[in-house]
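Two complexes follow with subunit A in common, the first pairing it with subunit B and the second with subunit C.
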Partner chain A sequence: MRTVRMLAIGTLMHVKQISRSPFELAIALVVPVVQATLAVYLFRSGGEEHRLLEAAVGAGVMGVWSSVLFGSGGAIQTQRWMGTLEMIMLAPRRPVLVILPITIATGLTGIYALLATLLWGRFLYGIKLDFAHPVAFVVAAVVCVVALGMFGLLLASTFVLMRNANALANTLEYPVWLVSGMLLPITVLPAWTSPIAAALPTTWGARALREATSGGPVWPSVGICLGVSLLCLVLGGLALTHVERRARAAATLALA
Partner chain B sequence: MGRSDHAIEAVDLRRTYRARTGWLRPTRTEVEAVRGVTFTVGRGELFGLLGPNGAGKTTTIKLLNTLLIPTSGTARVCGFDVEKDTREVRRRIGYVFGGDRGLYDRLSALDNLRYFAELYGVAPREQKRRIAELLDLVGLAGRERERVEGYSRGMRQRLHIARGLLHGPDVLFLDEPSIGVDPVAARELRRTVADLAATGTTVLLTTHYMAEADELCDRIAVIADGQIQALGTPSELRRRADGRRVVEVEAYGVPESAVDALRGLPGVRETAVEARGALQLLTVHSDAHVDVQGDVLRELSGIRLGRVNSREPTLEDAYVAIVSAA
Partner chain C sequence: MKTLRLMGLGGVIAYRALFNWTTPGMFVGTLLVGPLFQLLFFAYLGRQLQVADDRFYIVGNAVLTASLACVFGGTMAVANERRYGTLGHVLLSPRSRTAIFWGRVIPYAGNGLLIAVVTLAVGALLLGLRIPLGALPGLLLAMAAGSLACGFFGLTLGALGLRFRDVWVVSNVSVALLLLLTGVNVPASELPGWMVTVGGWLPITHAAEAARRLAAGDGLAAAAPALGQELLVGAGYAVAAVVLLKIFEVESRRRASLDAL
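This part shows the complex of A and B:
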């Protein structure tokens, strides 16, 4: 119970810390809206007017992914700059319990992007928020955010070790958008990308949200998304224990 | 794990930093930051670690508080091995470092303390009382709901201390806690540290300020070049400068050649030059029975001078003597 309380308070504090940064808020709101605008024009020119809500949702999920990716990498790096990484890693807790609230918080603050793209679509382009399964959409959104947070934990385990974590984060943003089919169907991608897509929780989260938006079997995707992300949690937890020790050996918890 | 008489035991601690730069032709560099440090700190003792920048003070503290793994050697805190019993050690220690960093700036002091209280396993029903107590102790009561980004450096430092004490640690590591803090705040900080030691908390303090070490510490280890050069009570260390006399000269624009010439004077043991804005403070250590003041002033003829002072050596002089001999 005390562990759950610690995770909840830790997540809340990191959500507060991230949400009070005007820069991070601007990035979370503006970039997904620009991407959604591009997507709408692409869908329109392709004669797929009926899929505009999918464009808004897809761009929002891209925003959640960016938030988790840069949040997990950036937050670790920011904490290193702030000198807090050493302080939190010094806590007498398993490293996974220390880092998980940060990555879940980055997923939660990614919700701002999803809300921004939906509101933008509604008020600027008159896109009706006519979800095929509204309740399933909310559940899928929550699962997607938590799942991405757990995936972020796996990423964070490498970021703890790397002093230049942002460099890795930059290279991962676009490929995961593409491979996960956040905007384009993964069927149009080369066949060799399919196994990669299947292993990513982003693929199943995006798929669940798309199915909840335009119709389809939502729950299997939600279930697989949750399963893959739990696997990420276990792997991330194991990796973090190993990585924390290596970071202490390599002296990468601090800047210098 | 048996209860040890010592709160801290370090035996032949060594730490080498290895770095690699470049991809095509990588260059590997190695820096031996700590080279065989051995000492013990008794329970409830206030122990000082003094040394110049880059001497290995922070690395030693980080080896003891589990943030770094020793390259070789062993260390125990409260009887627990810092490498093998990491979590047991962490439960019993607090770590406070000087400067602006180490806090969540966009959170209030209260939120910072609540978060760290959770992380450090303070029981939920004790948290409110403990946080209020500590805010009172460090003089931040009434300001706890303000965001830390609006705090002065002194306030941040006090918040650091409150954070370090949340879980009532047996051993507190203070790494240059008074760096950049104004004199009044530094005095309050020294009082807080002394009170902690008086109530039985073992404190390992690193500092640049001799007066601070002299006032607070039961024993001091002088570290330079990654090795302990001297260890003893402040009065024992002061005796290292026995048989010496110190001449201090304020000067403007002293060339290196003049300083070299001073070193060659008969009876002179060491010289040091400290820049203080436009002014340079020359410190000349000599044998007590040799009056070098006249010779020093002769060597500096033609150079604009300020105050000239001849005095008995202090702890700081002893420190300079120890570090210079390293």
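This part shows the complex of A and C:
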């Protein structure tokens, strides 16, 4: 119970902190809206007007991924720059419990993107928010955010070994959008991308949201998304513990 | 001649100093692999939606990929001087501000050109696009014009960094807007009139049009008007950047806020 409380309070604190950054807010709100507009015009041009809601949701998930990628990827680096990394690592809890709230918070901030693209589509382009499974959509959105937060932990723990993780994060934005099928079905991609897609929680999260939007079996995708994410959590936790011990032994925790 | 030397040498030294965080691996990953996936993303999306053919997406996105290095590079040319506390020293120089800052853009434009060329070559190989050999010099010219225009556009945004605290918000939003407004991913005929008008004043729009004509084998004469327009847009941003830098420099001196972040 104490662990759940700690995770919840930690997440709330980091959401509040991120929400006060004009940069984070502008990126979470404006860029996904631009991408949603692009998606709407692309789908209209292709005569796929009946899939505009799917396009808006897809653009929103792209925004969630960007938020997690840049936020979680740089989570430890950001704490290091702010001079708070030593303090949070001194907390008498496992490193994974201290960093996980940060990465989940970046996923929750990404929810802004999903909401922004849906509201933008509704009010500017008159897209009816006519979800095939509305309740499942909400559940899938929450699972997707938490799952991406866990995936973010794995990113955070591996990126900490690289000096300029923020720059490297740029490289991973489009590949994951592409391979996870956030805007286009992965069936149109070369066959060798399928195993990669299957290993990514983003694929299952995006699929669950798409199925909740346009119809389909939502729950298997939600379940697989959670399963893959829990695996990421375990791997991320192990990597984080290893990195923390190494950094303490070498006295390099505060060094970039 | 001395001014050209200042622009060339000064630009290269500043590039090495301000772009010091990268390594070869990081450069390839961030500036070559990332843009290639951008091209693949839109090419596959375009194929699936049947909006336009592969040439439209491959050539257009290859030209657009230069914007990443050029817009952020142009912005960094001013914003990072301020961040590292060296802007005051640059502005104390007795040499022409115009030459100093225009020179800053050249290495980033070269970077952008390299990215565009690599992205076009790899994208065409992966997706099986044939480009006439005779079109290559013209394509290189179109990509160079687009890169230069983007660099000056980035410099203009960097100048805004002297007035606004977080210029990176502006740069990130601008790069996203270029995806939409330049007609690289959605044909101009499918966009609202106002977006097409705004796109006409942005870098890349005309360079992408010229590059598409050249890749289609239309020849340099057919692409020349669009190329000319791209150069005009670039020249416009070059002048705008210098004027804004001058205005904000005077204001920053008056308010003693030159190095305030």
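Going forward, the second predicted complex is superposed on the first by the 250 of 256 C-alpha atoms of A that agree within 3 Å, B and C clash if a C-alpha of one lies under 4 Å from a C-alpha of the other, contacts with A are read in each partner's own complex, and residues count from 1 in each chain.
Convention: a contact is a pair of C-beta atoms (placed from the backbone, for glycine too) under 8 Å apart; a residue touches a chain by one contact, two chains touch by 3 or more.
Please read these numbers as outputs of a predicted model, since none were measured by experiment.
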When subunit B and subunit C are modelled together on subunit A, clash or fit: fit
Touching partner for A:A249 - first (subunit B), second (subunit C), both, neither: first
Which superposed partner A:R2 touches (first subunit B, second subunit C, both, neither): first
Contacts of A:F159 with subunit B and subunit C, given as first, second, both or neither: neither
Which of subunit B and subunit C A:R93 touches, first, second, both or neither: first
Touched partner set for A:M13, first subunit B, second subunit C, both or neither: first
Which superposed partner A:W65 touches (first subunit B, second subunit C, both, neither): neither
Minimal inter-chain CA distance - subunit C and subunit B, angstrom: 6
Footprint overlap on subunit A, comparing subunit B with subunit C: none
Contact footprint of subunit B on subunit A as seen in their complex: 2, 5-6, 9-10, 13, 16-17, 20-21, 81-84, 86-93, 98, 245, 248-249, 251, 253-254
Subunit C residues within the subunit A interface of the complex: 21-22, 26, 29-30, 33-34, 37-38, 40-41, 44-51, 68, 166, 168-169, 172-173, 176-177, 179-180, 185-187, 190-191
Subunit A partner contacts - residues on subunit B that touch it in the complex: 17, 65-69, 87-88, 90-91, 95, 97, 99, 101-107, 111, 114-116, 118-121, 124, 147, 163
Subunit C-facing residues of subunit A, complex: 22-23, 26-27, 30-31, 34-35, 37-38, 41-48, 163-164, 167-168, 170-171, 173-175, 177-178, 183-185, 188-189
